[in-house]
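Order as written gives the chain letters A, B, C and D; numbering starts at 1 within each chain.
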Amino acid sequence: MSSLAHRPRTARPLLGIGMVGHAFMGRTHSHAWRSVDAFFDLPVQPDMRVVAGRDAARVETAAARLGWAEASTDWRELLDRDDIGLIDICTQGASHAEIAIAALEAGKHVLCEKPLANTPAEAAAMARAAAKAAENGIVAMVGFNYRRVPALSLARSLVAEGRLGTIRHVRARYLQDWIVDPEHPLVWRLVREQAGSGALGDIGAHIVDLAEFLTGERITGVSAITETFVRERPLGVAGSGIGAQAADPSTSGLPAAGTTTDLTAGTATGTVTVDDAAVFLARTTGGALATFEATRFATGRKNALSIELNGSRGSVAFDFAAMNDLWFHDHTEPAATAGFRRIDVTEPSHPYASAWWPPGHALGYEHSFTHQARDLIEAIATGSTPEPSFEDGLRVQRILAAVESSAANQSLWTPVET
Amino acid sequence: MSSLAHRPRTARPLLGIGMVGHAFMGRTHSHAWRSVDAFFDLPVQPDMRVVAGRDAARVETAAARLGWAEASTDWRELLDRDDIGLIDICTQGASHAEIAIAALEAGKHVLCEKPLANTPAEAAAMARAAAKAAENGIVAMVGFNYRRVPALSLARSLVAEGRLGTIRHVRARYLQDWIVDPEHPLVWRLVREQAGSGALGDIGAHIVDLAEFLTGERITGVSAITETFVRERPLGVAGSGIGAQAADPSTSGLPAAGTTTDLTAGTATGTVTVDDAAVFLARTTGGALATFEATRFATGRKNALSIELNGSRGSVAFDFAAMNDLWFHDHTEPAATAGFRRIDVTEPSHPYASAWWPPGHALGYEHSFTHQARDLIEAIATGSTPEPSFEDGLRVQRILAAVESSAANQSLWTPVET
Amino acid sequence: MSSLAHRPRTARPLLGIGMVGHAFMGRTHSHAWRSVDAFFDLPVQPDMRVVAGRDAARVETAAARLGWAEASTDWRELLDRDDIGLIDICTQGASHAEIAIAALEAGKHVLCEKPLANTPAEAAAMARAAAKAAENGIVAMVGFNYRRVPALSLARSLVAEGRLGTIRHVRARYLQDWIVDPEHPLVWRLVREQAGSGALGDIGAHIVDLAEFLTGERITGVSAITETFVRERPLGVAGSGIGAQAADPSTSGLPAAGTTTDLTAGTATGTVTVDDAAVFLARTTGGALATFEATRFATGRKNALSIELNGSRGSVAFDFAAMNDLWFHDHTEPAATAGFRRIDVTEPSHPYASAWWPPGHALGYEHSFTHQARDLIEAIATGSTPEPSFEDGLRVQRILAAVESSAANQSLWTPVET
Amino acid sequence: MSSLAHRPRTARPLLGIGMVGHAFMGRTHSHAWRSVDAFFDLPVQPDMRVVAGRDAARVETAAARLGWAEASTDWRELLDRDDIGLIDICTQGASHAEIAIAALEAGKHVLCEKPLANTPAEAAAMARAAAKAAENGIVAMVGFNYRRVPALSLARSLVAEGRLGTIRHVRARYLQDWIVDPEHPLVWRLVREQAGSGALGDIGAHIVDLAEFLTGERITGVSAITETFVRERPLGVAGSGIGAQAADPSTSGLPAAGTTTDLTAGTATGTVTVDDAAVFLARTTGGALATFEATRFATGRKNALSIELNGSRGSVAFDFAAMNDLWFHDHTEPAATAGFRRIDVTEPSHPYASAWWPPGHALGYEHSFTHQARDLIEAIATGSTPEPSFEDGLRVQRILAAVESSAANQSLWTPVET
């Protein structure tokens, strides 16, 4: 009989995972946990134990669909279970602090979606909790997934190797267009109590983190403008779009935007209490000038995260519209053959790439999360500190706070709290 | 107690899958079977039962890593099992006919990797077996996965809707560079007995199929040149690359290239017996001129599948280097604002896209296989005929044969056998 | 006898031109005057009478090379001549006010290179002189040549036609890298007395003007940072580069940078007294947010002027690296086929294009000046007011002044003087 | 008195030029002669003496507009004049041989537009005349202007320096769409007697020449298809477009297409007697495979000349849509940072570029002719043989003839006559 019983490829410890929230981010994280072990040689085996959400029917469906062994309507339950070692927080920002701190105190490793929290105070409390937990070998990581797009990982390597020399400019933008239509309803992401801020915290946070990650420097201060172009919007929930996909009250413990919608009339409106767009200038510890723009009103730009660094010896440029490419200009080359080269970041020598397909076979968005999962598991297994840490997340939060402060204060230069 | 036992989201029948071969294509197919149920609402639930391979240790490892419940060293065993309804053939082309025909005769649905076979005769036998099996509601599909890259699915829709008018030109290229180095070893893909042909069958087959798929027309004849630039290569197996990843004798039943390698000396060489490149001209039933190029010697082009169609009313262009984009020119627009537009094929209204992420979040190469899995499951559940069929695969095989015939006959125009 | 004496194609009045300065801008203007009559049907015939410069030998050489009938070492001489109707000022900014005002008072039409002046006070005086001259039918124009790149002219048309709706964002950058090397000498463009400002006035002025031109709105205020990355540089004149080409003391009446250079030692350095880079935020009268960046330290970006506008109904994007292309996104189209389209702005229906080559035959940088010459001649002939006017130039100057003021005042929001 | 009489910058001999034909090519050549002396340091001074055309009124207008001192209705007259040293032939191909041979026999240097002639026999006679004239120091050049697009000149240099190694592939296309509309009239370019061939000779000639120029190799044989998609077209002359611009009977000595048009009825049609498209395969002396496509039916592609070379050590790619860019992949670099780099071919160290503007300031289409004029003048002055020679033009003609022969003979492999 040649048929063989299933046997683990190696005898490895299990890492039980409990995920809280199962909307957009819950889907990306589930896909990562489901995939990571098939592509990477991991020292421990991830085990998708429980997904938690508030609505019983929905969380059960999510569990079945996303591959979790069990569903729960109470995230606190997960902290008591011995078979769960990692809490993966995919809820709205407003609930991050409570869940993360409780999980760390319960001795669970934590992966927390960005932004780390809705306020610097919450983020600081989380960072303190993480520091304390670290003493017991418990790790905490914040989910700035774009760091692990291979092209951006490569960009970081080039900077760290000195290929760019002294950084002079950072140019970062994150452009979307999903609420250009004034009839787009007032989803939770447009309500300050739930979302903390608007484009600034949702997408601006990513480019702020990337600027620090790629340069290896710190942002020291900002000058900013924020704007809300459409101040009143219909209540209700959109049929599609980012806001709609995440508009799940069961994951946040908060009333959903739109619960008071008069569906028959369609005349009820509510006030947008977050920014639609944020633009800001910054300086870094190394003396670079940085410009940032985060907006949901860049018509035709769907998820256009782009960042460029110019240094004394070279430059890199990245555009998420072609996420497997890194553009690199080496200024030390003869001018006759110098130019920005398109590096297709799928060679075996590239970050993460040897785990995947032959060169030239593109990876998609979701595998930034797979790489995140892989690196977190490695960190847990080896007892090292994963990046980005809660400290990193706190710093981003303080930069966002400085942006809001400057915007409220006539764009006055505002140092980032340290 | 709020924790809930796992329950299927719906009560659905299972579709047990047995996969033969677990190299490059086995990995893509496994990822598809593992993922498809999480993203699409499927009428039956795929069940990854058994993976078969020749080497016991390797197939066991593959099963564990890729998520198969069992491993087997005998693919025939899979045909006897009642819990397996679909045989997924991911072996080298030389073994396709034997496995596929046996599976169809055993009443199993079949998904067979491309090219359908190494010769038109084999492919014809397979098509006959598929036709016979269809009488009993058994379906067969060939794995031209690129049809299900959303941008190419959209291109097909635009052509079918008449947005391009009468097609005048097809311009298709598939360029790679993985054997530019003459020291690259003689892997199985360079041996006629195992691979059938070289660049022609491996990658040329894809663009031939796409040309017919996108136009909805048939290729009627060809004029061709093929070339082998490097005729002698070292024996042995490369450390990386497409050839190496698939050079698994356990999956083919054939001796591996390189089994006679003198590893200590490294001086033994063998003869390349397939083409390194094939270029050919063609006409279609609708009167279009088509040009094709398939090569493994396009230095710097890693997996550069590109295709453009020009019609009397418009054009579409696609380049796999930016696989989520379709370029569309609508020639009926005023000239002042006409131009090729970059459609980011990630809107909910785009093929397959509503299953995934919000607009602008790129999909990767592997989800062409996920979409293939989804459509095959739908076809099985609904009793419809999946495309591309074995007839489609046979036609591609006959075109490839015409190419080889023309190339051997001074590029003389060679009608495609019908 | 079939040979025919030369006869004008039409009996047209002559417009005698006197040009002051013959460095980089003098070369572009001369090419424009030499070419414009061959491509456009002009109501008057431009006549290249005299070029003025300070150094006799150099200006003579320039006259012969650039196609001027005569050379002069005294620009005032040109104002006395009856055969000169237009003074074309291509000198450094420091001398613009004196020459332009004298010319206008002498009843000459004036074309003045940008920036209009080195200070708002000078610019205001010039604008007053222009207003007064206009009463006598004398016109004045400032040379923001990029307005007449056909792609940008088309962009303006689309905005004016309402194709973009309400403008929400302007994103403008002008990136160069010609002084990245700290050994690049202290040319005149790096000296405040001669250049007024650095990247801000030299290239930032262009994107400020374009922002107002394209939107049809006014910039109301700014928040800014400026920076000088390399504060000490060797004296002397570079062998090549923008600065070197224009470093002609004969045209400015000012001592040239580097006249005190110790060529044997090469150790003498001087202080850079202008900005290397300026970044700023702005708002427009229509409520849009605008971001600007002008720098000479964007390694690998040679002359990278780019600008994008996002409106409620659509967007346009332009990058000078592909100066014949305008990218246009029409947001009113069905999402399934919407996307930024590349309009090759060379169709007969496009601005200026019918004068040139068949569609698809690119124009170069210099023909923005040819178009400027054409439009100025048309304005002179028809008695209409050419744009951009000295008022437009003054407004740009005031915006630049607000930028410098904000930068000196902790980036505080600074309204633009009106 | 500081005003200075005009003096030549140097005492240089004059080169009197007589141009025959003043349609599209006459305009580009005139612009080149008018501009070249302003940008390049030439050993002789071009002197635009006479333009010849058949229609007196039109040629007079052309002379005035394009800058020629005199107009003539008899090109033979130009051969008798002592003040004319160079005959520049810009007529339709049918008249090239007669004019060029007469001019060479009259001891005039000749620049002849491409294709050299309408048949190999004519071209051979021209090449013989050129060889004979060369014995007397008379030079002849054929106007394959694209060789002198700086990016393509640079590409040739890289190949010549061995940066590409052994060339494996050439991929050349020239796509236009100006007669996609079946109502486009039967202009002279669609009539075999006048145009020789269709897309093949008009634009295919360019890419054939470029393939040989860039590789430094010879095309040894071809396999081809040609096609005429629209076989009957209305008589008459189009209001715009390439064909219309050149439809000048005065320059060709031939009756114009459309002279029999019934303008009132619009029902008269005529037969297209040339190809609309030609596709062909080729081999080179170095063993490369080459593919070519020339068509006027590539909807949305206006003047899309593109060419790529893949060699054992690297690749270059060029697309006229971004004519100042050359893409270069250096395969000898580490894979981690290798990729096609965009070289902006405007650096002082680039071909022709130091004559123009600072880096990053794009040149347009027409300056390929300016560079051609410059190189021809240099060759005349130094007594060297300019390239491409009439021998080069003859070889192109023979390749085109082989294409037509193969297309008429079932695409059979057809060696190029030598």
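Please note the rule applied: a contact is a pair of C-beta atoms (placed from the backbone, for glycine too) under 8 Å apart; a residue touches a chain by one contact, two chains touch by 3 or more.
Small disclaimer: the values here were computed from a predicted structure and weren't measured.
Common neighbours of chain A and chain D under the contact rule above are B, C.
Among the other chains, the CA centroid farthest from that of chain D is the one of A.
Should one ask which of B-C and C-D has more C-beta pairs in contact, the pair is C-D. Annotation: 43 Å between the Cα-based centres of chain A and chain C.
Between the CA-based centres of chain B and chain C the separation comes to 55 Å, rounded to the whole angstrom.
Mean C-alpha position of chain C lies 34 Å from that of chain D.
Counting partner chains per residue, chain B has residues 301, 329, 338-340, 344, 348 touching two or more of them.
Looking at the complex, you find that chain B touches chain A at residues 2-9, 24, 27-28, 30-31, 34-35, 37-38, 50, 56, 59-61, 63-74, 77, 176, 178, 240-242, 245, 301-304, 320-323, 325, 344, 346, 348, 354, 357-367. Within the complex formed with chain D, the residues of chain B that make contact are 164, 168-169, 171, 173, 175, 177, 180, 223-225, 227, 229, 277, 279-281, 283, 287, 289, 291, 293, 295, 297-301, 310-315, 329, 331, 338-340, 406, 410-413. By the touch rule above, chain C contacts chain B in their complex via residues 154, 158, 328-330, 334-344, 347-350.
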